[in-house]
Structures are given as structure tokens and as C-alpha cells.
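Heads up, the next two complexes both have subunit A, just with different partners, subunit B and then subunit C.
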Partner chain A sequence: MAGRALKRLMTEYKQLTLNPPEGIIAGPTNEENFFEWEALIVGPEGTCFECGVFPAKLIFPPDYPLSPPKMQFTCEMFHPNIYSDGRVCISILHAPGDDPMGYETSAERWSPVQSVEKILLSVVSMLAEPNDESSANVDAAKMWRDDRDQFNKIAERLVRKTLNLPHS
Partner chain B sequence: MSDEEMEYSDDDFDAYYEEEFDRDVDHVDPQKNDPEYFHVACLTDTEVERLLNESVEQLSNSIQVTPSLAKLLLHMHGWNQMEIVAGYRQDCNRLLTTAHIKPPTPPQPSTSAQQGDGETTCPVCLAPMSPDNSSHLSCGHMFCKDCWSKHFEVQIVHGASTGIECMGSNCQVLAPEDFVLPLLKLPRLREKYQQYAFSDYVRSHPQLRFCPGPNCNIVVQAKECRAKRVNCTACKSQFCYRCGNDYHAPTDCETMKRWLTKCADDSETANYISAHTKDCPKCHICIEKNGGCNHMQCCNCKHDFCWMCLGCWKTHGSEYYECSRYKENPNIAHESAHAQAREALKKYLHYYERWENHSKSLKLEEETLAKIRERIQEKVMAGTGTWIDWQYLLDAAALLARCRYTLQNTYPFAYYLESGPRKDLFEYQQAQLEAEIENLSWKIERAEMTDRGDLENQMDIVEKRRTTLLTDFQQG
Partner chain C sequence: MTIPIEALYTNSRFPSGPSLFFLLLYTPLGIVIFIIRLFISLQLFLAAAVLPHNTVVRSVVLRVLYSVMGLVVREECRKNRDDTCRVIGTNHITPFDHLAVSIVLPCVTPSVYDLPGALSSLLCYQDLGVTQGREILRANARNYLSNPNNPPLLLHPEGATTSGKLALMKYGSWALELNGSVLVAGIRVRRLPILPVAPSVLGASWAADLCFMLFSPVTLFTIKYVGKMSRKESESAEEFGVRVQAATASALQLHTSNHTVADKVEYMKRLAREAAAASNPMLSPQVHRMAQQVQEVLPHISLDRIKRDLVHTQNVDLTITNFLEGNVPEPVPEPQPAPSRVDPARVSPQSSDLRSSSPTATPLPSASAEVKSTVDRGEASDRRSHSAVSMSTAAKSFGKSASERMTSFETRKAQLIENARRRYIEKHGLTVPGYNC
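Then we have the complex of A and B:
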């Protein structure tokens, strides 16, 4: 099974390098192991995460693309849909059957025709528009809803941190 | 006797017996006499399979779809054939779309990537595929057969069966059995798939339930989903058909669940407060309860008293049995929050203590039953009556257990019942039942001294009280 996964991952890597989507860079951490990738995501413009460069890692299962990969930010994050340890919780990373957060059925789920590119694009739109109804970080979801100014302040601090800038 | 006469009298004879027979049927109709009557059938998996296949065949014949699609439709519609046939006649496209058999929009000619030389590639593994080694569902999403079978493998390992969807992006079209099975190569996986699908079908069928007994493969069939007692013929477990937990009449499933959750939260306090022993109210010797009966007689001073309220047993005649009833403080609304909390705990403890006490009594009465068996053996050996002569004692013990079980389950019901005439009536009936059960228990424990007629009379009274209470208050 790993053979077919490797072929898919190599093809996806090639496509991502030839036609990189805006604000996203991704590829295997080292060329020896195609099942562990690193990604850099630029915070979407016009949002509180604007200009930040957020590193994350993706771990692919041996039966990829039949099962989805796992994604985890390796920098400090504060977001309703990201666990405090950096794990990303969005519908596209879940198979249709499992439903830990009770997503609405319309949300896009994992299917073998999805791709790394689609996952990363979903993560960018998740950064821009958190889904506070199915939250992985309850504190962040609460603050996003009730105290947007405070949330924006924390986001700005995180952005500066990813850019190695001193506190403003 | 002429032939004519003979015929005539034969008719007469038949007519007489038919009438008699009708009356008999009327008389034994269990639904009228027994509020707990519930007709169920315990089926093996082969029998269930046959039952399901019959529905599948009927539907597949009446709307002309493959058995595999008929099965999927029945599963999605709770095995309601009428509903499916009506929906099919009305708008067959809508029916097939909502059951995820057809896609909401007609399929595109080809969704897979076309390569320069006209050969297509599988969008999952990106390997070239030909029409021979590829396949698609009604949605037209084409994938190679290898990817399909790997997809099914992954899904089955995750426990999916009837719910396996197409691999297309956001495509919810379901893969029917006759599409999945030929693509599964490993016999182990085929078996697993069929096993999971079978459980899914039983769960979606409104008339079927798995027996909750450990490792029991029996499926129970009942016409209606009601909170009634089921006895599994295979593993002998008893359970409520509706919720699958221990049988709990007259309390309904939801109230019982609330009660058990509450008990799990609060019973530590209750255990702490209600010690296992009590002092005799007259001579104050410490007494441990060793029988199920609440009518206690102190072995030291021979004082008769009630284990529950420690009052004199003389006041516990059938007209004046009050210690099952909780007396609410009428001025509670004006008391402080602290007092209210204390009152709430007191109320809970009152019901919990009685519930727990009957549960303990049930266990102690199991010992009584063992003792009865021993005593019967002794008597038979000593030549006082035959084994058959003493059977009524075993019947009495079984009846006592059944009645005490119902009585135990009246306490959660009473706890959640709102004050009013209905609660008054309930508690009156509960008190009556309680009193008669204690009488029966007392008589069984002292069977040698009790006249058989007297005991059987008591059995009759207790069972009547129990059925009256159930008839008036059982829900669901």
C-alpha cells in the first residue's frame, strides 16, 4: 500500500513545487521520507494573522490517500480550531464516518481525491474564518466570540513571534 | 338413530364446542389480564437473515430494483416498505437521491484526468486505468478497481459497512453490497463486512434488537417498541425492550436513566449515611438484617417493628402502611437555601434507602430460596409429603422475587412524580403492595407455621396488588 502512497505523494509534491498556491510552501522534511512533510503558511491578508509565517508538519499514513494525514502547527497558536498542542481540527482532515466535533454535514470531509493542496487551502481559510461552533480550543473560541480585541492582540503577538520580531 | 338425526346432533356438538372454545380464548387472552404481557420472538442470526431477505425480495420485486439496492433503501428508511413504495411511485428520483443511491446532479461524462494519448488515470493512485480494471457508482466517479478495494479495506477496518461512500470529493453516493463484495479479495474482510452490515441492518430495523446479554447472538423481535420485559431464551438475561437495560416497570426508561445517574453520583453519601445495621427500638440491641422481610422481630426482646421506619409493626396493617411514603415539609418554600438543600437530600435518601433496601432484600431472599429447597428435601426425606406437595413454596418464593423487583422499581418513579392526587394514589398503591409483600415474605420465612391455603391466598393478594399498580401506572 505504501508504494501507491509514495507515488501519490511524489506527484503532489511535484505539482506543489511547479504551481505553488499563494502563501503556501510545502514538501517532505527530507527526501528520504516522503511521509513527513513540513509546511509554511502565510497568515491571510486582512485578518489578525496577516503577515505571520506559521510552520506546521504533516504526517501521512501508509494508506494515504485512502486515510487523511494529520496536521500539527509547530509554532505557538491560539485559534478556535487548533488544539493547544498545535493539532489542527477541521472537517477535511476527518473521514466521513468519524465525527468528533459534530460538524454540519455540508462541511467538506476527507476523501481519497482530496490533496495536500486542498488541506492547506482549507487551513488558510480556517485561519481567516474560525468555526467557533466546533472548537478544539474552547478558550480561544470564547474569546473570538466575546472579546475580539483581546483575541486580535494575542494573534498579533503570535505573528510577531513567528517573524522573530520584538513585542510591539 | 337415523342418519339425519345423527348429522343434526353433530352440528350441535360442534356449535357447543366452538362457543366454549371462543370463551376460552377470551378468558386466557394474556393482554387483558397481565399488564406486563409482551409478545417477543428470540431469533438466531439465520432466522433474522431470512426475515430481512424476505423484505428485500418483496421490495425488489415490487419496485424493480436489484436486491442490493432494495436492501440499502430499506436500511435508510427503517425497513418501512410502504413508505419506500409510496415514495418511489411519487418521485423515484428524489427517493433514490435522498437514500444516497443516485447523485443529486447527473454524472459528468468523465471526472478522471485525461492524458494526451486518450488513456485515463485513476485520480487516487495516479496510475493509468482501462475500462476493464476500473469501476464507478451511479455518480460516474471512475477509479481503478485496486483503489476501490483498498478504499473498502480501510473503511471496513474503521468499522464502516453500509455507510461506505464513493471516493469522489464530497460525493455521498453509497456503495451497495453487490458493488463492494466482488471487490473484496480477503475472505476475512468479506466476513467482517457482512457482519458489520448485519448489525447495521438490525439496528435500523424498528422491530429488532440485539440481546444485551454478554456474548449472546440472539436478536429479539417485537411488533412495537415498548418498555416491556424481555426474557432471552438463550442466555436467560432479562431486559427492557426499549432501552436494553435492566427491566424497570413501572418507571419509564428516561426516568430510570436519570435515577441511576443520580444514584451513581450521590450513592456514596447515601451509603455513608445509611449504615447496614440498626438498633432495636425497644431494647437497643444492634440488629443486622438477615432476611428480606421488613417486618422485624428482635431475637432479644421479641419486639415486632418495621426495619424501614423502626415503628411498631402493629401500626403497619394494610390500611395504615405509610413508611413507603415520603412526607414533604409543607413550608419548604419559605426555608433557607441550606435547609432546602438538606430537604432535597433527605428526600433523595428516603427513596434511595428504600430502593437499595429492596435490592438487598432481593439478594437475601435468594438465600431464603436455597433454604426452602433444603427444607423441602428434609421434609421429603422424613416422609412428610412428597416433593410435589411442597412445590407451592418455590412458586411463592418466585412470586415474592417478582413482586419485590417491581416494588424496588416503584421508588425512582415516586421520586420523580410530582405531588398531587396522582402521586397520592400511587403512593397509596405502593404502600399497599409494600405491606402485602412484607406479609408474604414473613409467611414464606415461616412456612412451617403457615397454613398452605393462607400462603396461597397471600400470593394471590400480592400479585393482584402488583398488577393493579402496573396497570394504572406503567408507561411506555
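Then we have the complex of A and C:
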């Protein structure tokens, strides 16, 4: 089983290395453990997270791709769909039926035909368009709804932090 | 007790075990007998065909014909025979059941073949429009029975043949409610116990059954009369069918079953499918299952290609390795938009914007599936090429060793952060030491 997971991860790694989507990079942090990956996601253009480079780690289960990986941002994040500890709350990371929050619709769920690339692209979409119906971070969701300027300011600060630039 | 459907039929014409040895010894003699019988039968058949209908001479000729063919009929429980009945209902074992019955009890059966009139009446067939549907058949049969000079109608309520060894199929009700009471009888077909060639096997044509009848020394049809039965007032047609089936089964010392003609047709279709699957490995369920396992690992490769490789390897891991190492020949490129890596419908417009702006680092497509996404990217970069800094993270090659790959990964990460920072500074017009010239 793990052998197949390993082969699949190697295929995806190769694919992501040679033909990655714009602004996304992902791969095993250390190839001695192929089940732990690191990803960098560039905040989508035209949004408050623009140009930020957000690091995240992906932990794959031994029965990947039957079960989805877990994804967690390793930098400070402030976003309605990201828990304060960095865990990402999107439907593609859950297998059908496995719905811890109970609010996910029949939106895209995890299945073996999904891939790391699709997860990362979904995360990019999520950064661009927070889903305030399923809030993992209530404060962020509230601010996103009620005080967009303040939200943008916080995002700006986070972007600068990831780029190691002084706070303006 | 439920009887599995496959137990109702004979699949193999020939016996196994010691009988097969006798059969081999008998075969040369059997072939000689077959040829002699064939010629005599043909002559008698032609003679019967030219003789006028319903004459004693003709019936004698036919009887001789059947004995030459080795078709012997024996009646049991004659006291139950009731010649006043206009409908005879028996179980069904071979295509010649009605001929056997007609020797002792003149009758006709609805024709299922499209035969010319003379031949049809010679073979005791009556055209009642079976092929035109149940309603027409019923009307024609009623019409036929209304003429008291016509011989009785022999019907097989089972609707199809069984081996007659274990159980009867469910009796259909339509045959039993045509004309009041029914003379119910059971048919048993036996051959010499030492040469038990099956009288009829699943899916065999009447011609094959005929050849084996001519080949076998003797085929004994035993007709056991159950008696006249009619539907009671309180009984539905279906219940009556069940009662007739039970009575016939107990007379023949067989079981009853609930399988219908439709079940038999389904069963034969299934057998045909399995046979097709066995001859074509691409269709076998085992290859399909293995192909799905491969596809879990390699979802972008079509099931068809996977199967084609699996047929050779018969091994999931071997096939995965073959695909990963590129040992599988590429199929002729088809213009299908294969499940490209990104489904545009699922990704919001922002993310496709993100993928733009890089005319330089378009990676080489490794498979036909990638061609489309590369094209998309090319178009996108035409639309928005205002940004000077590339956000592509593509590597020129995928390193062979782990250390090579890890170095490349680290370099590309650093490059991405660097580029993002550069772009941010450009956009916001910041003055940061070391970044502005």
C-alpha cells in the first residue's frame, strides 16, 4: 500500500516539478520521508494576499491517494477558512461522508482522482474568495464581512511578513 | 429450498467418467448408424410429405420414421389420459417433445419457426403467430381450439427447455387458461445409461439435438399422464399454474423452482458475456479491477491504456512502474481533452490569472494531457503580460537522484520568494536597500 502511495507521490512530484501552476511549488521537505511535503503558495494577484508567499506543510497518509492529505500553513494566517493553528478547511481535503463541520455541500470532495496540484489550486481560490459560510476563524470571517479595510490591513501585514519586508 | 438456476440445465452434451470411454468406443458405430438413419429418415420424410393428410398410411409412415430415428415413446399411467381435453400441458426437455407426444396422442404445437405449411403440419406445428406477441397468440389459439375437428394443442407452460433431471421451471399461466381443463402430463427423456448423451443442452440448436438423436442408439420418451386439471373458482391463474407445476413435478419426481423463461434468457446472456470476457482479456473483470488500482496511482492515464499494458504484465506494480518509467508506448495522439491537470470549472478566475504572465518558462509537456493546459497558459500570458517578474516554479528537468531533486527544490523555493518580493516591491514602489538599483 505504502509502495503505491510512494509511486503516486513521486508521479505527482515530478508533474509539479516540471509543469507547476503559476506561483505554486510543492515537494517533499526531505526525500527520506516522502509523506511530508512543503508547499509555497503565492497569494493571487488582485487580492489582499497578492505577492505573499505562504508556506504550508502537507502530511500524506500511508494509504494515499485513497485518503486525502492534511494541510496546514506554517506561517501566521488570518483568513475565514484557515484555523488559527494554520489548518486549512476546504472540502477537497475531506473524503465524501467525512464532514466534521457538517456544513459542506456536495462540493468537490477528496477522491483518488484529485491531486496535490488540485488541492493547492483550491487553496489559491480560497485565498482569493473566502467562503464566509464555513468559517474556521470566526474573527476573520466577521472582519471579512464587516470591516474589509481592517482585514486588508492585516493581510498586508502578513504578506510583508512572509516576504521578510519591514512593516509599513 | 431454492435451486440455483444453473442446476436446471445441462451444459455439456457428453458425460464424464467411464461413460466417456464407452462413448469413444461407440463413436464409429454411432457415425455409421447416424448416416444410415439419415438416409432412411429422409426418404420416409419425403414419403410422408407427399401422402395425404390424416390418413392411416401416413401416420404409419411417420411412426416408422420416428422409430428409425431411434425415438421410442412409452406411456405411463394411461388411466389418467383424457382425450376430451383440447389443451395438453407438459414440461419441456427437447425440441422434439411434441413429436413424441403426437405418436401416441395426435396433437399440434404452436410453431416457433417460420416453416412452409406442408412441412409445418408434417412436423405437427401449427402457425399461431408466436412471433407477433402474446395477445395474437392467445387469440389465434382460442380461434384454433374453437374448431372441434382440430387435434388438441400441446403447450409447454415452462416456455423453455430444462434438463428434466432436477426441477421444473415456473409454469406460465397463459397456456393453462386458454380453454377450460388441461390434460397435464410429464415428459422424461432417457438414453442408454451406458451412453448418456444429453438429449438437449443449453443453447444448442434443434439441428444439433437431432444429430445426436440419430447418433444415439435409442432415445426413450416416457409420457406420464397426470390427468385432467382445471382451474378452481377460488384460484387465480397463477395459483393454478403453481398447482399444475407441483403435480407434474411430483409425477416426475422432480423439484419445483421459481425460475422463469426470462431468468433462463438472462442466464444464457450472462454465460455469453462470461465467455466473451474469457476470450478477450481486456474485458475480464480481473483486469478491470487491477486497472482501477493502477488508475488510483496514475489517474491521468486512460483505463484503456492501463488495461492494454496489464494484459501483458498481469501485475499492478509492474504496470505502474512501466508507466512511470515511460516503458509504455504512447498511443496515437487523440484530440480529446484528456482529464487535464486542472479543471477550469473548478478553479476560480483568480487562480487562472495567477497562472498567467510567464512567456519564458513554459515547460515541455510530457504527455498529451499536458498539451492543452500549456496552450491555455500561452493564451493567458498573451492577455496579461504586464508583470515583469515570473512566478513560474517549473524546473527544466526532474533530477535522477534525491539530492539533485532536493537541491533543485530548495533553489526554486528561494527563487519564488525572491521573485514575489521583487514583484511586491515593484508594485508598491518601495525603497528597500539591495533591491533598487
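By our rule, the second predicted complex is superposed on the first by the 165 of 168 C-alpha atoms of A that agree within 3 Å, B and C clash if a C-alpha of one lies under 4 Å from a C-alpha of the other, contacts with A are read in each partner's own complex, and residues count from 1 in each chain.
Following the convention adopted for this analysis, contacts are C-beta pairs under 8 Å (C-beta built on N, C-alpha and C of every residue); 3 or more make two chains touch, one makes a residue touch a chain.
Just so it is clear, the structure is predicted and the values come from calculations on it, not from any experiment.
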Subunit C versus subunit B on the shared subunit A, clash or fit after superposition: clash
Subunit B versus subunit C as contact partner of A:A95, first or second or both or neither: first
Partner touching more residues of subunit A, whether subunit B or subunit C: C
Which superposed partner A:L163 touches (first subunit B, second subunit C, both, neither): second
Touching partner for A:V53 - first (subunit B), second (subunit C), both, neither: second
First (subunit B), second (subunit C), both or neither touched by A:R4: both
Which superposed partner A:V124 touches (first subunit B, second subunit C, both, neither): second
Which superposed partner A:D139 touches (first subunit B, second subunit C, both, neither): neither
Which superposed partner A:E76 touches (first subunit B, second subunit C, both, neither): neither
Touched partner set for A:E45, first subunit B, second subunit C, both or neither: second
Which of subunit B and subunit C A:I24 touches, first, second, both or neither: second
Region of subunit B that runs into subunit C when the structures are aligned on their shared chain, from 1-9, 109-117, 217-225 or 433-441: 109-117
Overlap of subunit C and subunit B interfaces on subunit A (superposed complexes): 4, 7-8, 11, 65-66, 108, 112-113
List of subunit B residues in touch with subunit A within their complex: 123-127, 141, 143, 146-147, 150-151, 153-155, 158-160, 163, 165-172
Residue numbers on subunit A that touch subunit C, as the complex places them: 3-4, 7-8, 10-11, 13-15, 17-25, 27-28, 30-32, 38, 40, 42, 44-47, 50-53, 65-66, 108, 112-113, 115, 117-118, 121-122, 124-125, 128-129, 159-160, 162-166
In the complex with subunit B, residue positions of subunit A that touch it: 1, 4, 7-8, 11, 63, 65-67, 95-98, 108-109, 111-114
Complex interface listing, subunit C residues touching subunit A: 293, 295-299, 316-317, 320-321, 324, 339, 341-343, 346-348, 350-351, 353-358, 363-366, 370, 373-374, 377, 387, 391-395, 397-398, 402, 405-406, 408-409, 412-413, 416-417, 420-421, 423-425, 427, 430, 432
